Amino acid sequence: MAKVFVINGPNLNLLGKREPTLYGSETFEDVLSGLRAKFPDLEISYFQSQSEDELIDALHKSSTGEIDGIVFNPGAFTHTSLALADAVRAISTPVVEVHISNVAGREWIRQKSLISPHAAGVIQGFGVKSYELALSYFL
Amino acid sequence: MAKVFVINGPNLNLLGKREPTLYGSETFEDVLSGLRAKFPDLEISYFQSQSEDELIDALHKSSTGEIDGIVFNPGAFTHTSLALADAVRAISTPVVEVHISNVAGREWIRQKSLISPHAAGVIQGFGVKSYELALSYFL
Amino acid sequence: MAKVFVINGPNLNLLGKREPTLYGSETFEDVLSGLRAKFPDLEISYFQSQSEDELIDALHKSSTGEIDGIVFNPGAFTHTSLALADAVRAISTPVVEVHISNVAGREWIRQKSLISPHAAGVIQGFGVKSYELALSYFL
Amino acid sequence: MAKVFVINGPNLNLLGKREPTLYGSETFEDVLSGLRAKFPDLEISYFQSQSEDELIDALHKSSTGEIDGIVFNPGAFTHTSLALADAVRAISTPVVEVHISNVAGREWIRQKSLISPHAAGVIQGFGVKSYELALSYFL
Amino acid sequence: MAKVFVINGPNLNLLGKREPTLYGSETFEDVLSGLRAKFPDLEISYFQSQSEDELIDALHKSSTGEIDGIVFNPGAFTHTSLALADAVRAISTPVVEVHISNVAGREWIRQKSLISPHAAGVIQGFGVKSYELALSYFL
Amino acid sequence: MAKVFVINGPNLNLLGKREPTLYGSETFEDVLSGLRAKFPDLEISYFQSQSEDELIDALHKSSTGEIDGIVFNPGAFTHTSLALADAVRAISTPVVEVHISNVAGREWIRQKSLISPHAAGVIQGFGVKSYELALSYFL
Amino acid sequence: MAKVFVINGPNLNLLGKREPTLYGSETFEDVLSGLRAKFPDLEISYFQSQSEDELIDALHKSSTGEIDGIVFNPGAFTHTSLALADAVRAISTPVVEVHISNVAGREWIRQKSLISPHAAGVIQGFGVKSYELALSYFL
Amino acid sequence: MAKVFVINGPNLNLLGKREPTLYGSETFEDVLSGLRAKFPDLEISYFQSQSEDELIDALHKSSTGEIDGIVFNPGAFTHTSLALADAVRAISTPVVEVHISNVAGREWIRQKSLISPHAAGVIQGFGVKSYELALSYFL
Amino acid sequence: MAKVFVINGPNLNLLGKREPTLYGSETFEDVLSGLRAKFPDLEISYFQSQSEDELIDALHKSSTGEIDGIVFNPGAFTHTSLALADAVRAISTPVVEVHISNVAGREWIRQKSLISPHAAGVIQGFGVKSYELALSYFL
Amino acid sequence: MAKVFVINGPNLNLLGKREPTLYGSETFEDVLSGLRAKFPDLEISYFQSQSEDELIDALHKSSTGEIDGIVFNPGAFTHTSLALADAVRAISTPVVEVHISNVAGREWIRQKSLISPHAAGVIQGFGVKSYELALSYFL
Amino acid sequence: MAKVFVINGPNLNLLGKREPTLYGSETFEDVLSGLRAKFPDLEISYFQSQSEDELIDALHKSSTGEIDGIVFNPGAFTHTSLALADAVRAISTPVVEVHISNVAGREWIRQKSLISPHAAGVIQGFGVKSYELALSYFL
Amino acid sequence: MAKVFVINGPNLNLLGKREPTLYGSETFEDVLSGLRAKFPDLEISYFQSQSEDELIDALHKSSTGEIDGIVFNPGAFTHTSLALADAVRAISTPVVEVHISNVAGREWIRQKSLISPHAAGVIQGFGVKSYELALSYFL
């Protein structure tokens, strides 16, 4: 059974609690239950942090061979963290970058992802369904 | 049964015939057979054109209510055709933008998509599997 | 009787059918009837195309001496087609560039017209009345 | 009878006296007589100033309800005066921005109008006939 | 006998008919006769189109092995068509990019060629003699 | 008793009369009464002008030693008047720059203040309360 | 009694200890004592961290309804942390952004605040008195 | 006897009174006396204004034929007033642009003169001696 | 005996384990042993962290007077952390910035170091030997 | 017999000795012999220098009427020497600019030629065959 | 008697021989004779070179105390030679930068002088009279 | 015994004679004596030139196999000479780029080194000690 590690970056703990017009009203715990139900053949672990260093460590650890794939929503770090981009590049586990909102239609500072050049692929704009599409990649 | 229209832009008729390191060695006809086998619950129609105007017309027609969703790989028009972007914006049928290669890791002129702000979502970098992920959105 | 050729670019066939807050709810056929009624002294012909090459040919042909003036709404090609700009520059028939919406108040990619430097003049932002003002120039 | 206020910005008092290749050889007084003759149904008042503050005051006063429309050629202030742009935005009387020359074909500093996003519409490049087209909008 | 395909882009059908100070007064048909006379050892075929898609198709077809080399003047598409650039890159037939005028001395929008990085070489500024120099490359 | 000079730039005479969603519905006369009531220990004088030169003169005069501090809302001149910036720099009376709206959240042309580098400090975004905070600095 | 949370970002623990010409010679503990003495009607809590994630968490927690307002000096994160900007935007507690020095007069990289568009208002350049002005907003 | 009109722009009335390290300690009245003494063969008139419109009018009037040359220090308007640049361009009297300080060594916003392209010549950086060199041009 | 503190930023714990073509195959523990052997007259302490805040604290602590010099490889933070740059500027202990790879030859986002302007000096591109050269500075 | 002067700029003395993948393995002496054999009707002289001033002098001297044409490969000076560009512009002998490699496909600093706007034409990317094509222009 | 060293940069040996519309028809030898006649109280030496290094050496030597002032027309090096700018900065002899043409009205690459920030002053646009004005500074 | 060639670019002959606050008061001859004393195991030769071409030749000659390494301070050519960068790239002898001052803290035009991408490594900001660190690399 493939093991997939879902990692969420800063402020994503507020999902479903704030700015529902932008991000929807489901909490990520709800989303996660739905994903586990939908993908019984995947073992899905989960980590969220506001902390760039904890996210770097999470990526490093996932490269020990225990994890088959990573679904990573770096939140605002997408556009500012070269250190996270280096971590994604350094590990061999494939990383699928996901975004809930369609960042292409948002402000200019969100137009460039530092992570994408090192990701296996990118999925954005489908709401929380972006995670589902990303997980289906690892089936 | 949901009807999905797969539209490919310029040069994608060469898929599987040229630059296999960048785009793989399957032709799109092969890809299409695989997709139809994999998604028996979707009625998948297909159109490819080098022509911006034929692509605009294809998008316009799909908005007659006969089509439930569009999977659109605009090829190089992604970065240069504001007219196609206007067409995507003008119709109400949801459009999923797909790219075979990870354009984020390519040259600067491919860093900005004019289409994305008007798409329902974007999927890029998974090779021809990008189409599969896009279709699964319409299930 | 002066002969004026009205040429509309891509997506303008949707006029009155889509995005009425931006473009109004009249179709261009309605507009055209109104214009012909208002300008009995002008012989108004009309062409619309999504196709850059058909628009170039239309401009070339209008320079045979049969046409006294052109009213041209290049749509999204305003901002991307250097080939159309070259065609406008190459012919001697005067071309009035018109826009329905006030493109100056829209997104940055619509801030620069490639056509304008070669036009006899530019009229923008008056809704479909922009065409009327343009035609009155040829009276 | 509709009341239209024609306002000219800095250096336009030199019209017909200097740089005839760029601006023609008619003075604006000549132009004004012609316009009044041509539009007997419009009551046309006129003001010219080199002064940004007098122009702001002129725009403010025209919003008392006595004036139905403004035809405004801001001259060089088009490209440098955010204060005038704010005044155009603040008043409810519709303002048609006009330019004698086709600024799109001139130097880069004249490529961007600060006024246009707040104008009802823009007419440029038809020589002094730009004023006539603008006035016909208020018929 | 080497087979060379000469392809001209938009507006080049006007050659010799318009803007003689910029492009000379010979039509391309005249030029072609001269070239065939000058290069009896080359079999020279010719195609001109205003249409980006027909030009893409012409490039694709030339890669069937029947053609030994292409002399391509993309006209204004030089600076705007990434799709044509992709077509040049995708085929293995060598493409020599030619320009009649010295685009380096013209306006900024003509300073960057999207085609050049994928061409075998570039020849520009020699008037219609640019074609002759390009053909002599295939001798 | 400390003497503070409140200076308002162009269009601020419209305060409370136009665009209430952006600037509120109180006139500046109302605001001034409230400020004088709230700060009995300050002698508050007031000047408003649409005129850059009158504003420069007001700043120059305030440097005669009669004034202890200036609260200055330069309006749109914030972003365009280097001459006002020079005047603020040249005088020794401290100038507090205030803005009613949060200009940081508005269009790009309002992102840079020419005045700020020479001001004693900047207060922006608190509505008309910005003036109150500025005055409290001189207590 | 209104509860205000004062939050300081990275390196502000050095206040009063280093670079006195830029930041003054008072420690923030001294400043805080003075502020509590000056504002007996405010309950002032305080937090300083070098850590982006701890600052994000501090902002999140303050949105539980226990806190009426936040005075936030993000230090160097002002210009680099989109994640902090997202946190300020996501919470409903009003945030006043303060800066001790006048960042407008410093190097270019400090010219743009990512935080400001989401703040209730901004106060900068008054030395440590910036905090006092910010607190008086919550009276 | 040649008639030269010396025109000074905004804030230059402060000369000798403020910022002596940048502009010296002589007032312009002192400077003027010295210049008149040094150039007995020139009839030197003088005008200073903070007002863009008065400066435009001064330039316009000087073109009546009574004035042989203008020495113009536009102060901060050098870099922001396109209207003054248009006035300099429009008149036929030669204008020598002068600056007291070496603006090339100052902040970026002072690196570009809008006036210079239309001036007969430019003299900058020699302190008040710049005026002397400018006047000697008209001998 | 001089005390030198070697500080490594994010992802440098992977040294010798990943991307050997870019960074070599020695772990930093190996490097450190070699350095201590080579510099018996230096007391070398070491700290690595993925965490910006821990790195700021490490720099702050080193300024207590116990440390004579710092050798700092900020990794990806070189290009994104203004807070670390502020910390380097704030302390009086000299900091030598080192990089293993020659960042000048890498992607554009690595072309600008925020740290360098505040460093005592910079050494880059010598592989792990960069650390040795940096340490020899403190002999 | 037409006299052509072939001039090579800096580092081109290394041709055939270094970086053969980029520039080929023939020395320029070999190339020159081949060219003289191929063009018996041209008298070909040759000069190479690393020195901008010697190249300027070479261009100046060639304008004495003894030389009919110049084939000039400015090497790296193409992109940095405005003085050489001025020399090419100043002389009346036609100069054909050549490049061995296709500079359009190289790094950004090589994208702009200062020389090209003043050259009779440009030939690039054909390896040393670029010289042959250039010489054939003078036949 | 004050000693002034006049130094001319590349291509200025062509003065009076080429491009007379831009630079006039006098040779610099003629100009020099005129200057020596006009300034009997100055000992004027002269040097011209196409060579950046000879110009640097000339500047260095002039700082031995034998020379009271330098009049320097760096030609095209004005805009490209940082090494000459360093030389001007390094010596204590005052350098007056002169230009014959008004470079402000020429192409963008001539808009920025690297020399000016280090010059005593700048004189440009007066034709060869620029030298006369510069020399009069040393009287 | 390793042979190292120290090469200094323009103006470095002034070292110790001018601008001591920036470059120190030792002449390079003094520095060289110290280096030779400190590195008895290196044979250090030395060359300084203001001339780009002599520096190119010096680099070329050092690649004959007689030299083991080069320590190169290109002075101002660092930022402007693509020809020197090409020379460094073309030779196989390793080149260590050194700078006396910390160019990262100086004006923007010194922020980019054209040489660095081709150097073995870069050492900057340690005063003349930069040379010592560079030489120790060749031990």
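We call the chains A, B, C, D, E, F, G, H, I, J, K and L, going by the order they appear; numbering starts again at 1 in every chain.
Here is the rule we use: a contact is a pair of C-beta atoms (placed from the backbone, for glycine too) under 8 Å apart; a residue touches a chain by one contact, two chains touch by 3 or more.
Note that this is a predicted model, so its numbers are computed, not measured.
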Please give the intersection of the contact partners of chain C with those of chain F. D
Duplicate of the I-L contact set - from A-I, E-J or J-K, the pair where over half of the pairs recur: E-J
Looking only at C-beta pairs that count as contacts, which pair of chains has more of them, H-K or A-I? H-K
Enter the angle, 0 to 180° in steps of 5, of the rotation superposing CA atoms of chain E on those of chain G. 180
Same or different for chain J and chain K, where same means more than half of the interface numbers show up on both copies? different
For chain F and chain L, what's the span in angstrom between their mean Cα positions? 54
CA centroids of chain D and chain F: separation to the nearest Å works out as 31
Shared-interface residues of chain K (touching two or more other chains) are 51-52, 80
What are all the touching pairs of chains? A-B, A-G, A-I, B-C, B-E, C-D, C-E, D-F, D-H, E-J, F-G, F-H, G-I, H-K, I-L, J-K, J-L, K-L
Which bits of chain C are touching chain D when the two form their complex? 102, 104-105, 111-113, 116-126, 129-130, 133, 136-137
Which of the residues in chain G end up touching chain A in this complex? 51-53, 56-57, 60, 80-83, 85-87, 89-91, 114
In the complex formed with chain J, which residues of chain K make contact? 9-11, 13-14, 18-19, 49-52, 54, 75-77, 79-80, 109-110
